[in-house]
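Same chain, two partners: subunit A is paired with subunit B first, then with subunit C.
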Partner chain A sequence: MVERTPILNFLTHVILFLGFVFCVAPFVIVVIAASHNLKDVNDVPMSLLPGSDFWINIKTAWTTADLGPKLFNSFIMAAGVAAGKVIISALTAFSIVYFRYPGRMLIFWLVFITLMLPLEVRIVPTYAVVANVLSPYQTILDLTGLSWLIEKISGVQVSLSLGLLNSYTGLILPLIATATGTFLYRQFFLTVPDELTEAARMDGAGAVRFFIDILLPLSRNNMAALGTIMFLWAWNQYLWPLLITTDQSHATAVTELKQLIPNVGGIPEWNIAMAGTLIVMLPPLVVVVVMQRWFVRGLIATEK
Partner chain B sequence: MASITIRDVYKSYAKMQVVHGVNLDITSGEFVVILGPSGCGKSTLLRMIAGLEDISGGTIAIDGAIVNKLEPRERGCAMVFQNYALYPHMSVAQNIGYSLKVAGVPTAERTQRIQAVARILELEQLLDRKPMALSGGQRQRVAMGRAMIREPKVFLFDEPLSNLDAKLRVQMRSEIRKLHRRLSATSVFVTHDQVEAMTLADRLVVMNGGRVEQVGTPSEIYSRPASRFVATFVGAPAMNMLEGEVTLDGLSLLGGSRRLAVSRASLPVGSKVAVGIRPEAVRLVAPGTTGALNASVDLVEELGAGRVVYVDLDGAAFSVMTSEAVHPAPGSAVGLQFSEADLHFFSSETGSRLDVFKASVPVPAL
Partner chain C sequence: MEKRVTFSRWSIGILFAVPQLILIFTFFYWPAGQAVYWSLTLQQPWGGGNIWVGLDNFRSILSNADYWKSITASLTFAAISTGLAMLIALVLATLTDRQLAGSRLYRVVLIWPYGIAAPALAMAFRFILAPEAGFMAVVNQVWPGFWDPGLDGTDAMASIIVAFSWKYVGYNFIFFLAALQAIPRSLIEAAAMDGSGVIRRFWDIQFPLITPTIFFLLVINITESFQDSFGIVDIMTSGGPANATNLMVYKIYSDGFKGLDYSGAAAQSIILMLLIIVLTIFQFRFIERRVHYR
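Our next item is the complex of A and B:
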């Protein structure tokens, strides 16, 4: 039921406005701090009137932290994660919802378990695997004695090695392997009327055809929503990129922000740090603004 | 053009059997309507023909070839769904042409065939619209177009008119009939609406509880229902049913409170029967008329062209359909008269029809 009285209207708008201020205030302070010079930003209390050094600070932050290539790295990682996630979730959900095969429920629960064991929990084994993707296979070969056998027969020592540290693949792949997207798609696929599937079958479309021609176009909004969420999530990743990129050339913008944060005893250049933060904040903001329309539609119930 | 042969077809879901051994022959070019209440297995049967449901037992053959294991697309059937099942993201033209696209028909030929179908269905102005921007009747026509464009051997209709309003339903009904005359493709039409069934069918199949109760032309089914179920299900208002027992001098109805002098022919004295009389076969006469059953009026329903008079016959509900300008007041007494030929007799135990009465004379009440 929707109440419509002037007093309630006014009250809801007041609450809405308070929420807005609450959300936007820290952001405003960052912008103001980024426009001060070194002296003003360290005044207590800091002046809430904007200073005049905004562009200088931005430029300094950009060069100090070498943000150009870092932003590029971040973008590759976030876009890769978003795209990979959208594709892999759509495929797994398609398999789980539309096919009956032995072990379907087992796979479903395996996927589900990744929800309860996020990357942070299994970060050590994940690191070990990424350091050498083939190490599990090596272990299997060693334990079963197969590598010994191969060595005896052919004289070749089996030593499988494929390292993904300091690579885009290593940055992206472990972040893709989570279940959230699969569930979003599963819920959506379950709302697609059975008759549509049957109509496609009557029209002669096979499973792949149905997936590409019917399901994917129908889930455009979901894709946009999931893509946006995943882009933001991947962009904001800190722990994993920090762990796996020992080489500066693959560092991401978010981890590199650390370069701008004043060390203990260093010059308290908070204005530069804030300016850097603003730069790093910008790309996800643009993505949200552009995708917002589909994003919202994808998260609310689809119109029938 | 294809014949369909259904032999001993069963369907069970897990432990529940829903279709119990159906046998049916549909000849080429015929329009067959499967009629039954919801849950009687009629849609399941249709979907088994289409290939959307597995067949648990028995065989279905199209043109003599058993299709049990064939995919829907290999059977040459096209189906119109109850909710139309149009692809919401495709335009009308894309919806209609999708099966051709899947089949790899070149764009030029596809466009031409879409145009041809659209012309027949008067959809030419709407080809660029999305289903969302169409009215119910237009969506229905697009769904038909999607089925037609494949030039299928068999048309399957799964209650396609039940989502339309009453007026449109009548209109689409005649359009489907016209279309069938034009394409003369074998059609199987599932519905729970008996008017739809009667008007469309060359042959009518009445199903109940997963079994075929009767197969016949609409008039056969109306005039000689094979079972008590068919008798009460087909015809509106429903056929009156009175429980009775065969006595030496005729029939004793309603536990002996009413008696009819009918020739009991081959029925043994003491056998329990259900006597059916169509409301339109009963005449209202003045109360106390010799040979008429006396009853009191409960309610009169005005239909415009006629009226249905609901009367109370010693506690049993009984309806009379009359086109005469009589307006008996509720509570007033009336006499009911009917002829022996209009009586239908069914076994009380099995519900099947008992054929014993011939004479076309008014039945005197005793």
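Our next item is the complex of A and C:
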């Protein structure tokens, strides 16, 4: 750039190329291994020339792990989480930024604190809540004596119960219950000029109208960035779907991968395993490549 | 920063916040409270509610050698994988920032790994690092018995560190590159005019200016190494051999859901929560104040 540094330039190219190889090699190896037959994939050293069984392996992996419905489940979960986050975070951020009701700062901090504890560390009790999502409210009614009161008055015994295990709702809702997107919107709303709000109010727009007709169209970029990040994040979730989908019908593609690990002492079908891995890693990779701009922007904006 | 112009109808404002409040109450605050309650009580074997045991759960966990082994494993994993991922990413980002021919390609490709699900990349690395097939098998042919993550704890730890670092190099790269590109070019050109070389400019200008990013990534990498490692551990080693890779989140999962010891798992969750809260507060208070250049 500013001076001539031939040796350093050469080194730069070498190191960057090594980094490139380091990043791409696993992808290449997965593709090549997925194209070999059982014998070739277990050869030492494995041939780096692609074999001819690629489509057969893909097909076998697809049927063994029943990936069709699983990919569909993954897609529903990822899209649900992305949409839910995009909508709910916008609502909350609007409330925090554009109103001055008492307790606003309390709400701000209540939401903010959720950033600190990821789902993984409170996994056991969250599972218990999802098993009966109304149990918190039942407990509150019991403790405050309200359920006793209701029973006395109406003769109905209160027992709230709604299990969300093995359901899309159960997969999606707990993943939405954090503050990630709220702060992205908050930062953006704070940069929207006050004159815009004043003009809208002068033209007779109320809060809801302003939100829908002015603020949301302005935040399109934020929505794309947040949606991309959340889609990838949800698609790649593993522990949570693993726990709450005891029934095969709601399992996701990522949790199904485990079915394809060759057993110790069994037939080492690495070609099938790698074909399955390829199928599972392809959708997020396509999203990263196609949505690169939003992906980078979303990452940097949501975390900071 | 506050808005000067706001809307006056409080009721509407509060209504807008209600969906998120219900969600975080049900799926965040209640479970977190539940974890505290469980960690202080013990479930009776034949039902009949929980009995209060005070800090006994914590005492029994903290006196358990397996738990300390798990903490040591987690910290080793966090330290080495964070160090590796950040160092490699910093080198690659600094070199990409020199904007020689081809740097656009690197900018695109180097972030791919971060898009991949931890279990999927764990599967790929399980094959690549398998002792009997794949690539470490070649090494094993030359030195028989050199590499076996199924039997040797150090090898297993090395495998999960490689897999995790591979993913987070991509992540750190994005942030480092963004931080480096935010540095005004004129600053670097002025330094070059004054006769400082590339390395001198890195240490005296670029590095000090990106310290906030470095500390930010340090905290994120460490917390992620506690959570995102679950998929990698579950697919590659299942916590073995001999608990060598039984990281904290994996132990909570196996104690709670396989061993059905809710109270023990809850106590472990609380300890992990405290650890992460301390890290986060550390980031907000200490680092934000010490490292401030703008």
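Quick note on the criterion: the second predicted complex is superposed on the first by the 251 of 304 C-alpha atoms of A that agree within 3 Å, B and C clash if a C-alpha of one lies under 4 Å from a C-alpha of the other, contacts with A are read in each partner's own complex, and residues count from 1 in each chain.
Methods note: a contact is a pair of C-beta atoms (placed from the backbone, for glycine too) under 8 Å apart; a residue touches a chain by one contact, two chains touch by 3 or more.
This structure is a prediction, so every number in the text was calculated from the model and none was measured.
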Superposition on subunit A - do subunit B and subunit C clash or fit: fit
First, second, both or neither for A:I261, with subunit B first and subunit C second: second
Contacts of A:N236 with subunit B and subunit C, given as first, second, both or neither: second
A:Y101 touches, of subunit B and subunit C: first, second, both or neither? second
First (subunit B), second (subunit C), both or neither touched by A:R201: both
Touched partner set for A:R209, first subunit B, second subunit C, both or neither: first
Which of subunit B and subunit C A:M77 touches, first, second, both or neither: neither
Contacts of A:A65 with subunit B and subunit C, given as first, second, both or neither: neither
First (subunit B), second (subunit C), both or neither touched by A:V86: neither
When both partners are placed on the shared chain, which of subunit B and subunit C touches more of subunit A: C
Lowest inter-chain C-alpha distance for subunit C and subunit B in the superposed arrangement, angstrom: 6
Where subunit A meets both subunit C and subunit B, residue numbers: 198, 201
Complex contact set, residues of subunit A against subunit C: 1-3, 5, 8-9, 12-13, 15-16, 19-20, 22-24, 26-27, 29-30, 33, 41-46, 88-89, 91-92, 94-102, 104, 107, 110-111, 114-118, 120-130, 133, 136, 173-174, 176-179, 182, 190, 194, 197-198, 201, 206-208, 210-211, 232, 235-236, 238-239, 242-243, 254-255, 257-258, 260-261, 264, 268, 270, 273-274, 276-277, 280-281, 284-285, 287-289, 292, 295-296, 299-300, 303-304
List of subunit B residues in touch with subunit A within their complex: 50-52, 71-73, 77-79, 81-83, 85-89, 98-99, 102-103, 146, 150
Partner subunit B, residues of subunit A touching it in the complex: 193, 195-196, 198-205, 209, 213-214, 217-218, 220
Sites on subunit C touched by subunit A in the complex: 1, 3-10, 12-17, 19-21, 23-32, 34-35, 38, 88, 91-92, 95-96, 98-100, 102-103, 105-106, 108-121, 123-128, 130, 132-135, 137-138, 141, 150, 166, 169-171, 174-175, 178, 188-189, 192-193, 197-198, 216, 220, 223, 226-227, 230-231, 234-235, 249, 252-253, 256-257, 262, 265-266, 269, 272-273, 276-277, 280
